[in-house]
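Presented sequentially are two complexes of chain A, the first with chain B as partner and the second with chain C.
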Partner chain A sequence: MTAQPQKIQTQGETALLQQLAVLDLDPTRQAAADRLKLNGLPHRRVEEWKYTDLRALLKDVPQLSKAKRTAASSVAKPLIPADFVLTVVDGIPQEISAAGTTASAEAKKAVSIEIGLGDASGFHEKANTNVDLNMALASSGFIVRFSKSATPPVVFIDHIVSDADAVTAACRHSVVVEKGAQAVLVERFSGPDDTAYVASAGLSVIVEDGAKLTHARVVTEGIQSSHLGTIGARIGSEAVYEPFVMTLGSHLVRTDVQITFDGERSHLGIRGATLVKGKDHTDMTLEVDHASPNCTSIEQFKSVIADEAKAVFQGKIMVKQIAQKTDAKMMSQGLLLSENGEFLNKPELEIFADDVICGHGATCGDIDEDMLFYLLSRGIPRPIAETMMVQAFVAEAIEDTEQPAIIEALEAILADWLAKR
Partner chain B sequence: MPAVQETIEQVKEIDVDKYKYGFVTDIEMELAPKGLSEDIVRFISAKKEEPEWMLEWRLDAYRRWRTMEEPTWARVDYPKIDFEDLYYYAAPKSSPGPKSLDEVDPELLETYKKLGIPLNEQAVLAGVEGARVAVDAVFDSVSVVTTFKDELAKSGVIFCSISEAVREHPELVKKYLGSVVPSTDNFYATLNAAVFSDGSFVYIPKGVRCPMELSTYFRINEEKTGQFERTLIIAEEGSYVSYLEGCTAPMRDENQLHAAVVELVTLDDAEIKYSTVQNWYPGDAEGKGGIYNFVTKRGDCRGKNSKISWTQVETGSAITWKYPSCILRGENSRGEFYSIAISNGKQQVDSGTKMIHLGKNSSSRIISKGISAGRSQNTYRGLVSAHRKAAGARNFTQCDSLLIGDQCGAHTVPYIESKNSTAVFEHEATTSKISDDQMFYCQQRGMSDEEAIALIVNGFVRDVIQQLPMEFMAETQKLIGISLEGSVG
Partner chain C sequence: MLEIKNLHANVDGNEILRGINLTIKPGEVHAIMGPNGSGKSTLSYVLAGKDDYEITEGEILFKGENLLEMSPDERAAAGVFLAFQYPIEIPGVATMTFLRTAMNAQRKARGEAELNTPDFMKIVKQKASELKVSPEMLKRPLNVGFSGGEKKRNEIMQMALLEPSLCVLDETDSGLDIDALRVVSDGVNALRSPERSMLVITHYQRLLDHIIPDVVHVMSAGKIVKSGGKELALELEENGYADYVNAA
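Our next item is the complex of A and B:
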């Protein structure tokens, strides 16, 4: 009578499990693979995936890329002038080429780069399907350590999918900013528009005591692709972590960001912009764990939705009982440019400490008619006026980034997206 | 400064009685056998002298309920309820359906007198000269008495117990019952559909402004009983009604289940104002006993320019799990939700609202104030959604939480879903403790900690209290003081 209905495996699940079965996995990766096998891909009845039904959206998990590691042949123009330009092709990190390195002697001394699978201690302990997927699939990545230097060295990691056939490109990097060090890290993801490849991008970050990391991730994948990104970061005492996640939509982009405050008097400033059009589906899921007292955090996200696209924001601020004197502010805003776009927003607060100031705000709507009229009445044609308004809307999040080069790069991407729309 | 004086008085009162409604009325009761089966459903239906279609409706719900699983998604934690260990029907033994107050068991009247509920029709509420409130008093599973019926009937208003409505106005009940909360809606709503024993029925005819406030007073008395009441309010075109609901229960060591369903329907230009002061027994400081309050409340703004406003003050119950919602179907329809949820001791609250915008230019407003003290957990969970056709929908949400002490939790889980570009939604939430500056200011003026907290909290919830009908305002202010007793230090 109480027989459970047989769970039907989707094509995506079958493909995923078949691949995991033949991989030679270490215990950590095997544990992640086992969890995936047990639970399957999450669907909309799983709260964290309520708006992104991965079971339905991830139609296939193509073969993991078998590309060989080579010396990076052609180096694409980095997003910002960088001391080190690292390349990942189809999920395989390429040899660090001297050509891509314009680092000064000082920067060379402050940065150590290796190829391999670093630890993933930046992530939360609680299992998360996106993290598990990356853990199980990724077999390599860059291990980057920054030590103390006078000026922050800049590392740019370019992720390219080049295969003509659809592949799964998975990698996981591990970044440590040592005590008192400062660094700038920029990641870019791109690929062809004509294949339905899958990119699984993992990044574990440790910002040690007194360190500072400015980080930008730019996701500009091909329109048919599925990008499953994760960032797990731990922040020590008196440390600063400032990430920016810029997402241009594709068939599916889901980014899980997990941040933990491990020390006191630290600051997190996480910002993001999501630009979607066509039938794009993007999902930004953020979990900030205030596990230490006296920390501050700002979370600011902007979503611009055109055509029939769908943008999801799920942000959770968790304040543990020990984390007294926390000051956390989260803002998520959506701008719907078309009738059929969807903006799904879930900003959560989970608070167990009493001496805190926490707040969140959420808005959504279309372009303000009054403001538009103001511009039109000054002779600015409607399309330009609209573009100006969108630019201003997104710029609010971008311009708080500290590195002028990053601001410039992000604004260029925004302008380009608007021009092509 | 009258506010200060009032606060001091409240705090004084607190010392004497904490939960003053915790007494038990010793009255002979008629109980159905324990447990739930088709026979029990038939028993309840027979007791209520219901027509065949009603019994069928109940049985359908019962059979479906058997296949359903208890939901676990809310942020509340409690031992599994043994649904077979409950009485589903408990009624005071007396002649069925008393014709006048004289026929009601004096013990019962005494109970309501103790609770401060005026069942005597001549009674005038203290302080509100001339105000009259029609009351439907529900004791365990049955409606004891409904006052002012004749006077209401003069203006065409029907106000009676739902069992009476099933018998006397079957066409209305048939048309509207389950049309807002279908019997298949959720686990507890389905259970309610199968075993609901009483509740209130209100029908306001076209163009009538209900001449007085209507009110239902729910009292759980018997041990090991579940209370399942069902309220149905229909406001025809251009009508208006304000409805109040209050509830208390004796102090017992065991947990008792209260799973009610409330359905509201407003047609063109109609308005329903529904206010609740929920003060079920919350359990003792260690979390022993108390009521599980699992309620489905939903209003359907079917007509153009119709309006439904929910105001709730939640101070009682061991666990509160309810989301009074509005389906804004009509053009220009409006939904409002004002809530104060106070939790102390080991209480758990998971409450909020849903505003579902379907109609053009529909608008909604949500003001929620959560206060958690002691070791309680207080969650606001709300949904605001605009469907494709809800052009020009507008929502403003504000949910503020106040934490008193470092052992409690306050959580906010809003879902904001927009599928229409012309919909404009704004949401803001804050969580903080009572600021030291405010406390210092009060203390400096000679107030004790508890007085100061009561004053500040009253200020914090003022936006919501102002929405309450006059009769409830004073009571609520007092309740807030009582609920927070012992939360300092």
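Our next item is the complex of A and C:
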């Protein structure tokens, strides 16, 4: 007789598996649920989760929200002026009201929006716990298709968690930017500070040949919440994908971004800013797969860490053997505003092609004393001078975004965070 | 205006200033000359309030107030301005934003109303053109990509905008060509007034042909070893610092 090692389930695991067990899942969701059941939640001995021990951090998985609720607070102002404003409450997409849209006839023609569970075709094939969680939990979302238009239509998806008891809010959208089309997509996630809700946010993106998508995801969840976000994107030939992920810390934020180059001569410019304070824990894990030749990518991330907060950046660029003439540059920089903050910065390159330009940089430091003194010596008080330095640090990543409205929105969020710090 | 009494200062345990005594009256321009390592720049940083220096003895009175008890921004608001030998580059901070923040912070500290945008723009444009600071430079991040001359002109422009009562110029002539030296000197001379004092730190007599000092001091090994009129600068140019280095 062989004694089977008995793994003790945490409260979070039990809560997760129990509610998955009673759901009537389709085969795809069931497969993800089975993998979660088999492996449990990942802990620090699992390499990808070394710095974010999900087993310890995800203390509970509240009941999935089922009932269709309308937003408790009246619909918040969209982050940027949008042709279509879509709302998701507690993970459940709300009916698309024709009245609420300001879209031009042209934009209406170019955008098709349906309610339904987004597919997962943008993600890597390799199993990933964050993706599995979303696969198992999400049952709906928006399915958005952009076709060719003269000006890029703007779609804003607002994710709200109601003020009720803690819920698990899960959804997955899929976005396809068709051949030669252009689009702007902005997602925002927010919720109350007084419940430990869980948000599982999935997004699958396909940027077809010659298409271009500018995308911003803004995570401003309630302080006790756990946000588990995923973005999986595939980029066709001569296509451009420009995402920005802005993360304000909470109890836990983990975002897994997986990007694959499916065609040649395409460009990815992914940028991000993470702002953490208190005891926040955030983790941005990025995997870019250069699976086609002649593509370029820029990965630029800024993390600002105050108090006792912890920020993690894990960025991996994979260059497949076929992907000759790849040009990839990754930079991740941390700015520590306190003695007790922590920044874990892990860039990785895995290169199998021999004719490529790849570089990565990782830095971490506190505010430059000489720069600060220069500002002080001109009569600028220390708190304002420090704020200017942080803004300058983060602005470098924000400024390269092409949409002025997005830049303005991100800068406003940054200024607001700094004012409340 | 400024009274420095028996000032001693250390950096990392090394005594750099060893008993400086210096009094500058309103409207006077004093020059400090001296060889490398004599403590000239240290004195300028101590006046501006850089915290790398430990004051072990002595005091500094500025308009009768204890300067050493004030933070760098308080000193600036009270009227002390240091033109840096090496102005700092600050990527991501637009020059215009910086100027406006600095001017309004000082006005606020003095209980004055903040400048509105049209007034601010008007005064900046005027001072910038006087100092040959191009509008394009004002749009760039602070000092980033500026040439040596541009950085120094930017310093003097800030001085003109902030209207300090004590201007400390730390080797403002270093790295300037003849034309830039003239522009900078003209800018400084335009600011000379009976209410404003200046402390000009330099290695070379050249700058003092343009900015004529009332008093010249020679500094060596952390002390002022000789003071005299403007002719002292010419004498130094002729004979070098050797006599004074040995004397100290």
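Throughout what follows, the second predicted complex is superposed on the first by the 409 of 421 C-alpha atoms of A that agree within 3 Å, B and C clash if a C-alpha of one lies under 4 Å from a C-alpha of the other, contacts with A are read in each partner's own complex, and residues count from 1 in each chain.
As a convention for this text, a contact is a pair of C-beta atoms (placed from the backbone, for glycine too) under 8 Å apart; a residue touches a chain by one contact, two chains touch by 3 or more.
Keep in mind that what you see is a predicted model, and the values were worked out from it rather than measured.
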Which of chain B and chain C A:His124 touches, first, second, both or neither: neither
Partner chain(s) touched by A:Tyr374 [first = chain B, second = chain C, both, neither]: second
Which superposed partner A:Lys279 touches (first chain B, second chain C, both, neither): neither
First (chain B), second (chain C), both or neither touched by A:Gly334: first
Chain A residues touched by each partner, larger count belonging to chain B or chain C: B
Touching partner for A:Arg265 - first (chain B), second (chain C), both, neither: neither
Which superposed partner A:Arg421 touches (first chain B, second chain C, both, neither): neither
Which superposed partner A:His360 touches (first chain B, second chain C, both, neither): first
Intersection of chain A interface sets (partners chain B, chain C): none
In the complex with chain A, residue positions of chain B that touch it: 73, 388, 401, 403-433
Residues of chain A touching chain B in the complex: 47, 321, 324, 334, 336-366
Residue ranges of chain A touching chain C (in the complex, touch as defined): 370-371, 373-382, 384-385, 388-389, 391-393, 395-396
Complex contacts: residues of chain C adjacent to chain A: 48-51, 71-73, 75-77, 81-82, 84, 87-88, 90-93, 97-98, 101-102, 105-106, 109, 141, 158, 162
